[in-house]
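Down below are the structures I want you to see.
Heads up, the next two complexes both have chain A, just with different partners, chain B and then chain C.
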Partner chain A sequence: MTTASDRPSASEGVNRPHSHASKTGKGVGASLRRKEDARFLHGRGRYVGDIAVPGMLEVAFLRSPVAHARLLGVTKPAGAQDRVFLAADLPEIAPIRAVSALPGFRVSEQTALATGKVRHVGEAIAACLASSRAEAEDLAAACEPEFEVLPAISDMLTARAPGVPLIHEHWAENVFLETRREEDLSDLDAVAAAKVTRVLRTSRQSMAPIEGRGVLAEWDTRLEQLVVTTASQQPHVSKTGIAEALGLDEGQVRVIAPDVGGGFGYKAILLPEELVCCALAMRLQRPVRWLEDRLEQLTANANCREHHYIVTAWADREGRLLGCDVDATVDSGAYSSYPFSACLEAAQIGSIFPGPYILPRFRYHTLSACTNKPPILPYRGVARPGVCYAMETTLDALARQLGLSAEAIRAVNLVPKEAMPYRNLVGKHFDSGDYKEALRRAVALVDVPKVRARQAKGECVGVGLASFCEQGAHGTSVYHGWGMPMVPGFEQAQARFTPDGVLELRVGLHSHGQGLETTLAQVAHEILGVDPARVRLVHGDTALTPYSTGTWGSRAMVMAGGAVAEACRQLGERALTIGAALLQAERGEVELAGGTVRRRGGAGIALEEIARTWYRRPQNLPADVDRGGLDVTAGYRPDPDTGTHSYACHAVVARVDVETGAVTLEDYVVVEDGGVLVNPMIVDGQVLGGTAQGIGTALYEEMPYDAQGQPLAGTLADYLLPGATEVPDIRLDHMETPSPWTRFGQKGIGESGAIGPAGAILNAINDALAPLGAEVFDLPATPARVLAAIEAARR
Partner chain B sequence: MKPAPFDYARPADWSAALALLAAGARPVAGGQSLGPMLNLRVATPEKLADLRHLPGYAGVTQQGGTIRIGAGTTHAAIEDGAVPGRLGAILAGVARRIAYRPVRNRGTIGGSLAHADPAADWVAVLPCFRGEAVVLGPAGERRVKLERFVTGMLATALSPEELLLAVELPALPEAARWGHWKFCRKPGEFSKATACVLAVPGEAPRAVLAALDAPPFVVADASALCAAPEAEAARLVAALDVADPWRAAIARTALRRAAEAAS
Partner chain C sequence: MKRPISLTVNGRAETVLAEPRTHLAGLLREGLRLTGTHIGCEHGVCGACTVEVDGAPARACLLHAGAAEGASVRTVEGFDGDAVMTALREAFSAEHALQCGYCTPGMLVTARDIILRLPDADEARVREELAGNLCRCTGYRGIVRAILRVLAQRRG
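Moving on to the complex of A and B:
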């Protein structure tokens, strides 16, 4: 990674509200090295797979080999009746029902083990227990399930075809939800200078965190509590879901999320496998563990992304968008997953399609199709990578028709900074930013004239752009309308001094790569001046932390950052009261500075001493001391809570080998504005990692299914992920326009990198292919697809 | 993804190894192909015979103009220069592009050849060298020309009771020219088309086209290919009747680029 230009100084557009970063190099804005890295780099992280307890049983699941069938019965292996459990053996588990309040939503019931029917390959049918996973797999292999195979729906576009079987037989059709916005666009043909229609498809992907899912369930007989150690990015939501499904009080469930090896949305989902382990641990009074293997992750569980679009767009002579008509279908799979439901992805498409642009007229129709595939789960960026791909490739098609540059058509459509804050026609509320400046910088950083010169010499090389914005940390006002099992509210954080003056922060969300152990310490340092080395973050345990919906939606730094700041502010007030008394000063005469309470301009008393006084020398406390002590829980929510909008422009130079269809990324630039960056180095890492995943979406990752609903990529030799050799040297440039709505001006940026690559890379490929009259429409742009496009243009 | 139960034996000498095979054991060397197949329960042998500790199984020797590479020689050893001379330089270049170093550290040339995945690198390259496979069976040693060793998808000239001892290749003059081209979208992906061309002064050039889900296709006299790479590559691939147009296209490209590199 190289930095494309110097980070802007604290002048243009940047208004850092505090100054500790510059004074101490440890507060908001400092590229502090990550506190958590020592344990990760030395292999001392502790994951579910590292935790074994005496008497533990391992689970292997018998999974459906067919996509759609009646399950007529399962013969358990002889002598193993008490170690193999079917749905009928575990009636205490209620089906997972992830509802949405959107009108017309059809509710699926996902039983933890298949009941009556199987609806996708990989659906769990039986839980097999043994003292080792290998023996448990032997048991699973010896089970004999009996099926009456039914025709499968493996292509979402056929979900409503006449005569297709119903996946959920009490439904009227294989559709979770349709949403629409009607607007008559029939007059645009007459007035538009350009009109394009594109039919586009994105692949079904599988999220691939290095650590799969894993769960260890134990029943604590002393506390009468189910202790669930699970790889979760939303431990409190997992706890609520487990309690509901098993009919337990929430206090009877404790969820511990230890180190988690990548979340990306997959670790947000309540899995049937978790419920089975919990029920078995209670039933058998023994610890029960399931560790997902890569085959299960790829083919049974971590599915995501699959979209289909028919987009028509009209523009005037300058490229100004006059209107868009979008028909989008999402392959939602067989069940609605908890807590985000089966319709989040498709229904979101309508509201985010306009992206960072001014769109005056808009009609959309979205369909969440039910198919015989695993449930679709929200992956980093959720619907945005697909939407950005559809919008950005359509814009380039318009530009080619109008003879405009890719930069020009974006520049006339991007929301200008003068219009901020801006509310678009579907109600998205943009907080701040200079979208055109990001575009200008990205174009300036790639050498467009050189690409044009090479093209003139006949080289098959192209440049592509993608502009987008990312709503992050959107809260109650946005989500209550979805009516999902989970609505984010005030985020809480707890801040307290221990008797030796160490600052302990407790948050209910989870850090699994985001570096929150460092960044939240930086926030605390910003407020209290405590050295980040003396700040401990407690997270990942519902017994020790305040309730939170968890880490998702690019919200952690905005929400927990704000909550920690507020808790620390209140803790500081209490420390000032005690400190003033110890200094024999008036409350108004003292201030917090450098980790001390001091008389303005005078001598100070360390926060350690104040902590010691509260806990161990209470005789020295003043009469007016706050009886809450040095322990504060505070809540925070931005106002308005409609979300921050980070934004970016990706610019790519790609070369195409016209003989093989192979694509080489020669240059990759990201200009990103995440508001005030709490730790710029960590933000760089977030953007780079997300961009690598987006490169996977653009060029590599695809889980094909055959007509019978069989997944065809069962290993990472078939399901290609970009590796170090496939990710180019990505050059980053940052703008820092503060959000006016958040505590430090920070914006959510966690998902951003994954959003832009598909659009930018496909635009670069299509720019390279334009002289041949060829265009690629489907993701990923594999060599076979690129070559087929070239061949089609030749015919 | 845990293997089904199997027994494991480590024969101390070759007769013990042959006895294990006669009793139905499946041989394993580096385990880089068989290991994943065991884990996926695609292969469920009752017993494995681990050949890695047999005397002389790994290592390279030269006698006159013949270089003998023990079947247990790892890709990494070849990459690091175990094979002498011009041949060694060529083989090191092939080895360097086999998957990743951790795979090369354990995977062996003989294991790869005997496994006979059509996309495997040694399967694709070795028939180019006018060499022989040295095979040990109950009746003693026999030799099989390398271009006839792989007979199909995961099928070889070995009978279930036989072991691959070594491959013997002719040493090459420094003037030998070599072209090798394979198509993988990333390291570690199975090749979708591999071609190589060897031009030794005074001999007819040879070519191999492989990784097309079929045994390697050997062009014993590739003079025409070297003279007119584009047209001849197109003609050769058309004759093979490759169903997928993209595979046919990269097969043409592979042959042409390998021929151009060798000329």
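Moving on to the complex of A and C:
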């Protein structure tokens, strides 16, 4: 691996704009160090597995060893009847029904414990309770389930083959949803200078946060309230889902998400296991805890990214796209998960396939196939990494046919900045940006002539590009059409001063590594001037925070950032009124500056003093003071709310060992535009981490299934995650085109890094293999697949 | 059947009742409530549970509690006042070497071992040494830079 230290890096500030870095170095635009670091660095983080309460029972689940079977019965271990619970023992739990209003969507019913049938390996059948997990596992091992095994649908392409068994027997076929856009493209063959058709597959992945899921459920007898501590990205949505499934009103459910050890989408789902623990805690009046182990996570919950594409694309002589015809299938697994549903991934492919390009004509057909695998969940970028992979490798195939460079074919197709804001043929509304400049910079940062010179000497090395954009923080206008259980609306934040003058912020979404305790304090500082050290963020508790759909869809800084700014603005107005009275000034004569209310150009009174007066010396307030006090809840939504579009170009230099098939990433460059960055250091971290995950998608991560639907990677020695030796020293370059639609011009960017790597890396590999006439089509590009491609070309 | 296991943890003599099949990570977390040692895979790959056992990093999930009888164990909670760990904590924060914090305690124990054992390590060597600690959030760049920063400081 090349690790040249002479290269510029983000922390050295390549082209880093500083237009919004605040004067104090602590507001919007400052790379402020994180407030949350100290507790994590001393082992004082508090994750769900760290919380133990007296009298707690641990749960181990008996899980299905087979992918598809009738469950004829379960014999409980003798003497343990009251510690083993089957579906029939917990009728109070309603099945999870994550519907979509899209026409034709078939609804699955996922019971918290298997009822009648099991539909994937790892499906929970029984909950076994003991005072330790080990003893609970002993109980699970002593249960005797009886199955009538049925043939399994292991390959999504066979889901609607004639004669296959129906996974949900009342359905007409094993399909959640089909979507299509019809357009007759038959004339393009005659006019196009180039046409390619490609068949591509991406692997099923496990998101694999290092902390698994986990839940501790307790019944509070005083409040008559279920208290659920769970590793969740969206505590309020979990609360709604739990209340609905258990027939409680929402006031009877409090969800607490403590520190969350990585999410990436994995923790944005209501789990059957959560419902079981809740029901048991109520039934037994004892605290009940379940902590997912790695085997459960890898086998029962390997649940994302598995796509299949047949793409045909036509281009003119200059490489301009004339049209695309896309047939996409997504393996949605056996059930529709709550709240995102089984079709979010496939149905989205139609609307995001054009990516950052001008596509004049387009036909698509998508299929959400039902298979005997765990239900699909949205992983960082959702369908975009697969779509970007399909589009970007198709563009390179067209370029090869036309004798164009990878840069040239992208440059003629990218939406130009002059066209912004731009609405594409499927209605995506791009807010701002200079996509071509990102491409130009990425190409300039990798040394393309040097790669070409090495290729001329016979080295198997290549360069690859991927351009893409990411819609983030898209709201009501986008989601209501999906008709899912959850539609994001107005994000709310609460801002208040405590009597000692500390500014307390309360938001309903939750951090799982993004550093919101820091970035939202920076937003508050920007508005009120309060030192971020004197700002406390309260989040991760539905009893203490306003409702929110949570942290997903790259929405946190746009939505909560906007809401906190508005709440702080209104709080500032209240403080100004009080301050003016204390200064015996007119309201129009005072301003907020440096954490004080002062007469313009004159002496000030600290916000702390204003807070102290309001709470503890109200005798000093005038009788006509605003009685709302120093406590404000405000809502926010960008206008329009169709989402921001961050964008990027990834450029990769990859070397292929033709003897072993091993791929080495020699250089990796990301040019990215997330609009105004609230904390550039944290954004860099998001982009770097996402890119590392994308490298896993491109080269390593794969959960294979055999024909019987058995998952074949049960440990992290089989399911390969990229380590420090697999991820190169990624170089970042940021552009800054503010979004015209958001509070500070920020754009959602948390998922972006994961989108580009598969396309860029496979393009680099295929560029390296081009002299051999070989090409890799399927992800990940493991040594075996690379060698098979070389071998196929030789034959 | 639980039996008493005596060992030294963070400089204190401790006797803990534990089942023989308990691993050291479980003993530390459940027996002594030292929850800074995190469990990630329980099969020795992810490195989240890395602690110091008799002066060297070890996977607390691969060591049966009984095998730790008489051992001297140091966890992330036991490094206050340690100059190398203090420098690493400062460098991890400065280089944004952590996000969710879950892999961080194991990373720090491994990083401290790298600093002490390989004072001349370059970036490639640091990455190789870190190969047994997985992080899903950071992409490793900040972690590698933090370790290189402390190595450079100590070389003067």
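In this text, the second predicted complex is superposed on the first by the 770 of 795 C-alpha atoms of A that agree within 3 Å, B and C clash if a C-alpha of one lies under 4 Å from a C-alpha of the other, contacts with A are read in each partner's own complex, and residues count from 1 in each chain.
Please note the rule applied: a contact is a pair of C-beta atoms (placed from the backbone, for glycine too) under 8 Å apart; a residue touches a chain by one contact, two chains touch by 3 or more.
Everything numeric here is computed off the predicted structure, so don't read it as measured data.
With both structures placed on the common chain, the touch criterion links A:317 to neither chain B nor chain C.
By the touch criterion stated above, A:715 is placed in contact with chain B and with chain C alike.
When the shared chain is aligned, no partner comes close enough to touch A:480: not chain B, not chain C. In the overlay built on the shared chain, the residue A:784 is in contact with chain B alone; chain C does not reach it.
When the shared chain is aligned, no partner comes close enough to touch A:423: not chain B, not chain C.
Contacts of A:43 after superposition on the shared chain: chain C is touched, whereas chain B is not. In the superposition on chain A, contact is made by A:725 with both chain B and chain C. Comparing chain B with chain C, more residues of chain A are touched by C.
Of the two partner chains, both chain B and chain C are touched by A:134.
By the touch criterion stated above, A:600 is placed in contact with neither chain B nor chain C. Residues 132, 134, 293-294, 715, 717, 723, 725 of chain A lie in contact with chain B in one complex and with chain C in the other.
Across the complex, chain C is touched by residues 1, 3, 5, 11, 33-34, 36-47, 49-50, 52, 132, 134, 208-211, 259-264, 293-294, 512-515, 681-682, 684-685, 688-693, 715-717, 721, 723-725, 727, 729-730, 753 of chain A.
Those residues of chain C whose C-beta lies close enough to touch chain A in the complex are 19, 21-22, 29-30, 33-43, 45-46, 48, 75-77, 80, 89, 92-96, 98-105, 108, 123-124, 126-128, 130-145. Per the touch definition, chain A reaches chain B in the complex via residues 132-134, 137-138, 141, 293-295, 659-662, 699-700, 714-715, 717, 720, 722-723, 725-726, 782-784, 787-788, 791. Of all residues in chain B, those touching chain A in their complex are 1-5, 36, 40-41, 183, 185-190, 244-246, 249-250, 252-253.
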